[in-house]
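Structures incoming, each one as structure tokens.
Each of the next two complexes has chain A plus one more chain, namely chain B in the first and chain C in the second.
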Partner chain A sequence: MSAPAPTRRIGDCRPDELLERLSHGRLWLDYGATSVRLKSDSRALCQHLSKVYAQFPLVEEAPWADHHVSITCVGGWRRLFRPQADFSCDFQHPFAPFAADTALPLFEWGSNWLIGQRLAHLLLLHAGVLERDGLALVLPAIPGSGKSTLTAALSLRGWRLLSDEFGAFCPDRMRFVAMLKPVALKNQSINVIRSFAPEAPLGPAFPKTRKGTVAHLAADRDAVDRRLDWVRPGDVVIPRWVADASLKLEPLAPHVLFGALAFNAFNYQDSGSRGFDAVSHLTTVCSGWQLTYSRLDDAISALDRLWHGVRDQHEAPSGLRRESV
Partner chain B sequence: MTVALRTPAGVRAIDLGPVWAVYSPLSGQTLILNTEAVAILEVLREEPGDLAHVCNSLAGDGQHDAGEIEARCHGAWKQLIDAGLLEPSAAVEGC
Partner chain C sequence: MRWPWLQALHQPEIISSWSLAQWEEAVRQTRRLRLLARLAESIADAGLLGALPEQAARLLQAERLTSAYRQRVVHWAATCIARTLGDLGAPLVLLKGSAYQAQRLPISAGRLPSDLDILVPRPALAKALADLKGEGWEEPELDQHDRRYYHEWSHEVPPMRHGSHPIELDLHHNILPPLGPVAIDMQTLLADCVPSNWAGWSVLSPCDQVLHSAAHLFFDSEPLERVRDLVDLDGLLRHHACVNEGFWPDLLLRAEQLRLIEPLLLACHFCSSWLDTPVPSSMHSRIRSAGLAHGLVRLLFSALLAPADLDRPRPIAQRVAAKLILWRYHLRRMPLRLLVPHLWHKWRAGHGGDVR
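Entry: the complex of A and B
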């Protein structure tokens, strides 16, 4: 069931009202699989949130938040020369402060850390996940493989974004749910997406972060409004960007698929038999593919073609190809 | 006297074509195993025993000599114990 369409969204909020809400800890961000209550006195963060969370509902009063986060401008004499922002959650300060004008990357990084530490009830694959025709396309990959770039590009070509970083899979329902955060694009990927879709809702670029230059792509309205929908697994595609490579989409052996999902997940080792059952289920119902590409348009066309077959296969009654023992 | 081993309750396995993924509830580990190693687990799930017992059982199922099977399975035996995929069942006289 989709979330009811909100009457107001964060992007509709006046800057002074948003800052007032933030300063009193009255900004709730519901990612689908989890939620954050945010408090901050940072004007820069307020301005950037209104761009990269523009389509998220502006909630008057939420009954619950999983994580209570503060981003606070650091006081004292240092703020005159080198202003900084500090991340805290439940009175803990797990990171050294960031430069004050990079409060958004600090918030994104810190909230990712919290999600990775705390969400034990879900298997958190290190994967982008998108939906089409009610089926999830899972894009697990190692850093630098072009996962976020391809995830962003697909989300700008009609695929519904569920997540960029955390593929949130429920072992009880055997379904994906969104972990809908802005897609964090790094370095050359930012200009690649700007060229690919000049209208893309990109936030500001933050140079000189620990991961180089970072910019965030906002989720669109449909992705936000459907973030609570459960999605069946479709297929798994491991992307690999190689300069000047011709497009290749090759089937993966099941043991490679199993390893790519399990041993690349954030919390597989902590998930016990539930994690094993979840990955076994995905390996059973999904085919695995290795996608090598250099041009985004080629990669997207190949995935669009693949998805016709995936849809037919999952509609067929004998969709299971291997049995667990 | 040798100690009979058995496959612990809760061991899970999935066939991945040429290999299997196997989960041990005792160690929390997932291992990628070959068919011989999984055959050991299947035999010891049915009835506890030692390596000779397993090899005799497997030899009875197929065309291979028990000594030949033991040579092939010997390397997997310690790995299965270390990974928590085999546990002591009971001390069995003459096993």
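Entry: the complex of A and C
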């Protein structure tokens, strides 16, 4: 069941109205698996949010938010020559302030921190997750392997984005749910995506963050409107970008798959046997693949081809069940 | 009672009438005060988890899992350390949360430990430290001043970390700083230690556990909004009074002997007025006759301990009380000839580097 299509979206909101809402703490962002209420007096943040969260609904009053975040311009004399923005959540200030014009990376970083701390009921894989034909493609990877680039590229070629950073898997339902935040592209990936899809809705580039230059790719309308749908696991593909390499898609043994999912997750250890059972389930129902590539187009065609088989495989048992009823 | 979420710790049935907005408030306050899993356990004990709105149920479940995980981490670290310090030839004592866990006290359900506090007798401290370092526990990088501060004026060594234990280890040789307002003769406390359910570890006697917890809260430099400590004290008082009829007279006697009457009276006052902890009338009359200075300190702690309303600036009274309590702490902890150079060093260190 999808959320009803919103009447207004954040991108439709006039800047002064958005700033007014933000200053009163009346901006709600629902990522799917979790939600944030945001309060801020930062014009820079307001401007950047309206780009990278453009398709998110603009709600008058949400009855609930999991996290209540403030991004506040730091006052005092420092404001004059080195303006800064401070992240806080319910009186807690977990980080030192950032430069004021990088309030968006601060918000993204801080909300990721809250997600990693507080959602032990979900298994949070370090993985990009996309959906096609009702099945989730899981892309777990170590940093620097090109996971975000491939996730972003797939989301621009008809795959529905669920998440780039936190693959949110519910151990009770054994289904994925979206943790739909903008895809944070770093350094060379930004230009790779710009030339791959010149029309891609990319936010501004922030140089000199602690991860280098970062730019955010906004989620598209379909991904936003279907962010509350539960998705069955499909297959797991571990991507590895290697310069000039020819395309290779090789099967992985289940125990390798287990390690890649569990020991790369943010909170595998937190939930004890729940985490173990969830990863065991994934390694049972999903095949695992290692994808080596140098060109995004090749990787995407390979995954498109793979998905025909995945769809048939996952539909066969349920089709049989339907016939036998 | 001023906060429904605090009342719900003992009367979980009141949650059935909460609106979604009240739930949101309760989750936010208890989560930041590290009481959310505690609240969840009370609700679970009453069999009321099914009565929760879905939004709150998810977060309570998450926090219960996190609490269980943190407690596993503590237990595993303590198990390893008991092996490391096995031939120390001196008692090993668990303090605070880990002690409650090792005694399986009701209060330990849903606690969210961030560190492991242990104690060895002062004569065994150097060997314990060396053994722990040999096993991979590392002291933080400290400048000479901080190192001297810890080793000469403190009751613990600098917090240690270990590559395979995601927890901070605080190794104590006393429960209070030797130069503080009250110096504790640890021999007296060590003589009364009792065994725990964890192999190799003992814990302080029930009375000493209460007095340690009270002194830790009311002698501390930053007791801002530490309702969680009151919840611990409430749990200790209720449990020990329930299993031992002579508990209150013993407690009062011990407090006199250790000169910890002041924190005990404060603990009794706040526990009984905020958490309905059953406290004997003799304690109440002592609180009433404790004098003007005690009344003033009580007022300061009342402003300081009360959790501030969310989405508003902190109350001025709370900020002023925080400053006054900090000064009281410094003045009582160290003589001025030590305090002035210490604060000067801290101020310079704080302003020399980057922001915060």
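Note that the second predicted complex is superposed on the first by the 317 of 325 C-alpha atoms of A that agree within 3 Å, B and C clash if a C-alpha of one lies under 4 Å from a C-alpha of the other, contacts with A are read in each partner's own complex, and residues count from 1 in each chain.
Definition applied: contacts are C-beta pairs under 8 Å (C-beta built on N, C-alpha and C of every residue); 3 or more make two chains touch, one makes a residue touch a chain.
Because the structure is a prediction, the values reported are computed rather than measured.
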item: First (chain B), second (chain C), both or neither touched by A:Val231; value: neither
item: Chain A residues touched by each partner, larger count belonging to chain B or chain C; value: C
item: Chain B versus chain C as contact partner of A:His255, first or second or both or neither; value: first
item: Partner chain(s) touched by A:Pro63 [first = chain B, second = chain C, both, neither]; value: second
item: Which of chain B and chain C A:Thr284 touches, first, second, both or neither; value: first
item: First, second, both or neither for A:Gln269, with chain B first and chain C second; value: both
item: Chain B versus chain C as contact partner of A:Val129, first or second or both or neither; value: neither
item: Partner chain(s) touched by A:Ala120 [first = chain B, second = chain C, both, neither]; value: second
item: Chain B/chain C common contact set on chain A; value: 269, 272
item: Residues of chain B defined as touching chain A within the complex; value: 10, 12-19, 21, 23, 25, 28, 30, 32
item: Partner chain A, residues of chain C touching it in the complex; value: 20-21, 23-24, 28-29, 31-32, 55, 58-59, 61-63, 65-66, 68-69, 72, 308, 310-311, 314, 354-356
item: Residue ranges of chain A touching chain B (in the complex, touch as defined); value: 253-255, 258-259, 262, 268-269, 272-273, 276-277, 279-280, 283-284, 322-325
item: Chain C contact footprint on chain A (complex, rising order); value: 25, 39, 63-66, 68, 78, 84, 89-92, 96-97, 118-122, 269-272, 274
